[in-house]
Every structure is written in structure tokens, then in C-alpha cells.
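As written, the chain order gives the labels A, B and C, with residue 1 at the start of each chain.
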Amino acid sequence: MMSFVVTLEKFSGPLELLLKLIEEKHLEITEISLSSVTEDYLAWVAQVKGDYMENVADFLQVAATLLLIKSRSILPTLEVTSEEKEEIIDLQARLALYKLFKDLGLNLANSWSLQPKMFGRPSWVGKTIVFTPPKEIRAKNLTEACQLIFQKLESQLILQPPEAAIRLPVISLQDKIASILGRLAAAKSKIHFNSLNGEVAREEILITFLALLELLKDNKVKVQQDDLFGEIEVESAENIN
Amino acid sequence: MILISVLESLLFTSGEPLSLEILVKASGEAEAEVKKALEELKKRYEEETSGLTLFEHDETYQILSKATNQMSVQKLVSGVFEEKLTSTALECLTIVAYRGPIGRSQIDLIRGVNSGYILHQLVLRGLVERRNNPNRSNAFLYSITANYLKHLGLSRIEELPHYEEYHTKDLQALLNDVTSTGLEPVKASE
Amino acid sequence: MILISVLESLLFTSGEPLSLEILVKASGEAEAEVKKALEELKKRYEEETSGLTLFEHDETYQILSKATNQMSVQKLVSGVFEEKLTSTALECLTIVAYRGPIGRSQIDLIRGVNSGYILHQLVLRGLVERRNNPNRSNAFLYSITANYLKHLGLSRIEELPHYEEYHTKDLQALLNDVTSTGLEPVKASE
């Protein structure tokens, strides 16, 4: 009777994904735990298929904050602006709030029944249809009401078409890694991080940064940053060895 | 399982008279037990605080509203009829007129709220009729009655002003609420 | 005239939910008296020998069969279709249930993702309803429907576990709570 079906074939949003990753590792929601799941999160986002196109912006926005957290854990000296700090605290709080409702929902899932548990009865049994047209209504009243209904529905639409949010350049992590390696090989010397990005969309910088982290981890590149906020210089490890 | 409670639930939801046989089957109890419980229910309804009565005829049973409350019930029924069309009823009637034959769920979607009660009233007043949906069992399609059309002085539904325009207008695009993409800072308070 | 008996007759005859206003009009008694009698009726139905429930939603009242008799009644009622929930639907419904009436942007904020599509689906399935936001003409407010409560077997929304706590606090206070209390808000399933 208590048949409840959870379909987890995909993540409906960034918070669901993030929470899953944290809970898999049995962690509390803290900055440290967020930092520790950043790579898994980014790896998942990097594989985003067409299914998620409409929500890609939401996933990337969270990814940006995660990268900020990650950077802070790698570079303890990294100064963050108060705005960025707020962003980090905000993400933790929102994740906690999301978890609250998720848990409340799981509680309810147990009492959910596929069919209603209570039933009404046929209404007005034995009452027959008596033609009683309202006196005051004319055809033009119906037309006016109809115009109003459509006006109301149309006013709900905002001017900005939803596609605007969807059309983000989607660059896969693999493509980015390949492109960086290709350019490093071609340059045979240090190149600037900024030159690795095409149009300066935050999402692309993010993917580039992520690609660099991956390459660093695999010891395929070396990076150097002389000053805080200074240029990041990237060099192929093969050039050095 | 408490037999008397189950029997009351069964009789209540059915509306139609139910035979002893059906009650026995549906409750899964012995006939004698069922009969005894029905007697008990009957007695309970005889209390003056109850508004119900157990009507027995030819080994069938039906719950009815108590005869002594006939006056108030009549007032409800006629009151419901005489009332002017509320704005929500007008909205509902309009949707049925311009978009009919139309299913309940579509009406609900346009209005955003459950329209069951209002539709029922419109049917009882003879303004709207429902037919079986040929494409989906257990679903109905609602349209304006010929009677009401006549009353409006129209010989066919197409004579409603702007009928063509509103009848064919694509609704799908309008029904998606696309107000914001979320992820605003948490500061936004309700 | 015995008010409680009259009210039971009215609710029984209608079958559909009736507003307090209609009950007051049809019974001809003062609102406070009607309310008191409805409470009494509710209590009477809570006895285990009763097969009925007084269901209250959105300031309307309706008599329904008792949730515990679901199995027996279900056999009799045809054409009820099954409502499976995906985890996304469950998530969305929970937020709307505890926080409703709630705007889209607030739902998006909690879920961290655009909820337009799922809300549209839930309205279509009659589990959520939307109304115009009285304070902002171009926005909707979402609430759960009576149908949703019927699937949970609750006779009013206040019966949701911890409803008071999570409904009344504003979102910011809730955020402060979950952040400061070590994040273990809900545990026991009821």
C-alpha cells in the first residue's frame, strides 16, 4: 500500500546533486566538506548532457561558488571579498534549508498512498437539473470575461524569453583539457591563463580553471602566479622535463 | 478493522443503495455480523444529533439525509441555484464556452484551481453539460448546453463574439510560469 | 432545530466542499455557533466506530470516508488513478505544502533550480493549485490541493508533521535555524 517510487535517474538541481555527494561521504554541511566534493560536482557538471540544458545556468552558478571554496582551501592566503564570503555562507545555508525540506518530504513519502485514502460521495445525489440561467449575463459578458482570462495569463509571462537563460556556451571539460594541451604544445612556452579563455563568460573561465586543476593533478602542467590576483602562467610539464 | 466504520464508509461513498450481499463481500465479514452492525448504525443515526438516516429497502441499504432537516437542505439547494453567478463561476462558464468541449484538467490548468464544485453547479443549473471523453475513459468533456446557447440568443456557439480567436488560441505557451530563474540571494524575504 | 444535525445533513447532501459562509446561510445560525458545531462533528467522527471524516481545506468543509477504510472503499470506487511521485515532485510538493501559498521564486530559491515545469505538471495532476498573488499582479502563489491531503490521509493541512514550526517561521529565520543548530532538523517519521 505504501508504494512510493523515487526515480533518481537524474538530478533535478544543483542542490540535490551537492547534497547527494556530501551525504555519500557522510559529511556535515561545512565549507570543508563542500570543498571536498567540489571535484566530483564539477566532474558531474562537465558531463552534463542535453537533458540538463535548461538548468545548466543553475548548476554552473553553484559550481562557481564551489570553485571559490576550493581555491580558498588550496590557497589559504587567498583573500576573498566580503561579497564572495557571503556567497560561500549563503550556499551552505541554502543547502541546509534544501536538506530540511528534502527530509520533510522523505517523511511524507512514507504516508503517501498511490490512491486517495479518503473518498467523497457523488454530489447532490437525487437533485435533478433545473435550467436556471443567470439573468444578468449576456454574450458580451462572456467575451469580456474571456479577454480578461487571456490577459491575466499573458501578464504572467515576463518579457525576457526563457531561452535567454538557456543559451549558454556549453564547453565540455574534456574538450577544454584537449584544447589547453594542444595550445601548450604549440606554444612550447608559458602562456597566460587568460589567453586560454575565449569569450570571457564566467562559465568558461570556470571550466578552464577546472581543466587546469585536472591537468595539475595529473602533473601534465605547471602553473605559476607571482602576485595575488596576478596573471597565472601555465606551462606544459613536458616542456620543463 | 472495525466493521461498523467500514460499512459506514462504504455506504457513504457509494451514494447508491448497496445490497447486503455487496456489503458482505466488500467488508469480508459474515452476513450475520454485517446485519448486526447495520442495526447498530441505524440506531446511532436515530440520535437527534445525527443528520443522517439509514434507509433500508428490499435488503438494500442507503444513507440519506435526515428528513427533519429537509427545510435547510432545500434552502441550500435553492440558495445555490438562485445566487447570481459568482465571478469564478463566470470564469468557468466562459472557459467552457470558448474552449469547449474541454476536460476538467485543462479547465483547472487555465484557472489554476480545482473547478469541480463550480462545474457541478453549472451542470445542475443546466448551463453546462458533460459527456464521456471518447479518447479517455473516466474522463469527461464539458460544453455549453444548447438550452443556454438559446438563452443567450445564439443559434450556434460560433456566434459568440471573437469565438474563432479565443477558441483556437494556443494556450500551452501561456500556461508555463516563467517568472524567474531562482538562485537569487537568500536575502530576498517573503 | 439541532444545528449539528442540520450541518451534517447539508454536508452530506452536497458531497462537494461547502464554505463556512454557505453553511451559515443555509443553517441560519451565527458563525461562531456553526464553527463550534463543526468542531463537535469532527470530534464525533474521530471515534473509531465512525466511518467518516470531517475534511477541512481552504476554509471549506467536506465529509469524506475515513482514511483507515481505504482498502475496502477503494474496491467500490472505480476510476481512481494512481499518483506516483518522482523525487522532484515530492520535493516540490513538500515545499508547497509547508510554505504555501508560496511564489515561484521562493520555491526556486529553496530548490536551487527552476521549478516552472514541475509546478505545471503538479497543477495538471491536481496536486497543486495556483492563484494570482494579491500583492503582485504578475505572479502566482502556489498551494497544495485537497487531493494532495487525501493521498496522505490527512483531514487538514495542520496535521502535517511539524507543520506549525516550518510554516510560520519566515525563510530567513529558518535559514538561521538550520545553519546554527548543526543541521539536524527532522528525524522521527510520524
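Just so it is clear, a contact is a pair of C-beta atoms (placed from the backbone, for glycine too) under 8 Å apart; a residue touches a chain by one contact, two chains touch by 3 or more.
Since we're looking at a predicted model, the values are computed, not measured.
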| item | value |
| --- | --- |
| Longest centre-to-centre distance from chain C, chain (CA-based) | A |
| Nearest-to-centre chain - CA centroid comparison | C |
| Interface with more contacting C-beta pairs, comparing A-B to A-C | A-C |
| Length of the line joining the C-alpha centres of chain B and chain C, rounded to whole Å | 18 |
| Inter-centroid spacing, chain B versus chain A (mean Cα positions, whole Å) | 42 |
| Where chain A and chain C are represented by their mean Cα positions, the distance between them in whole Å | 31 |
| Where chain C touches two or more other chains, by residue | 12-16, 63, 65-66, 73, 77, 81, 109, 111-114, 116-117, 138-140, 147, 171, 175 |
| Residue list for chain A, restricted to those that touch at least two other chains | 58, 93-94, 119-125, 127, 156, 158, 162, 165 |
| Complex contacts: residues of chain A adjacent to chain B | 57-58, 61, 86, 90, 93-94, 119-125, 127, 129-134, 136-143, 145-147, 149-150, 153-154, 156-158, 162, 165 |
| Interfacial residue positions of chain B with respect to chain C in the complex | 1-2, 4-15, 26-28, 44, 48-52, 63, 65-66, 68-69, 72-73, 75-77, 79-80, 105, 108-109, 112-114, 116-117, 120, 137-138, 175-184, 186-190 |
| Chain C - residues contacting chain A, complex | 12-16, 53, 55, 62-67, 70-71, 73-74, 77, 80-88, 90-91, 93-95, 97-98, 109-114, 116-118, 132, 137-140, 147, 150-153, 155, 160-162, 166, 171, 174-176, 178-179, 182-183, 185-187, 189-190 |
| Residues on chain A engaged by chain C in the complex (per definition of touch) | 1, 3-8, 12-16, 28-29, 54-55, 58, 62, 92-94, 96-125, 127, 152, 155-156, 158, 162, 165 |
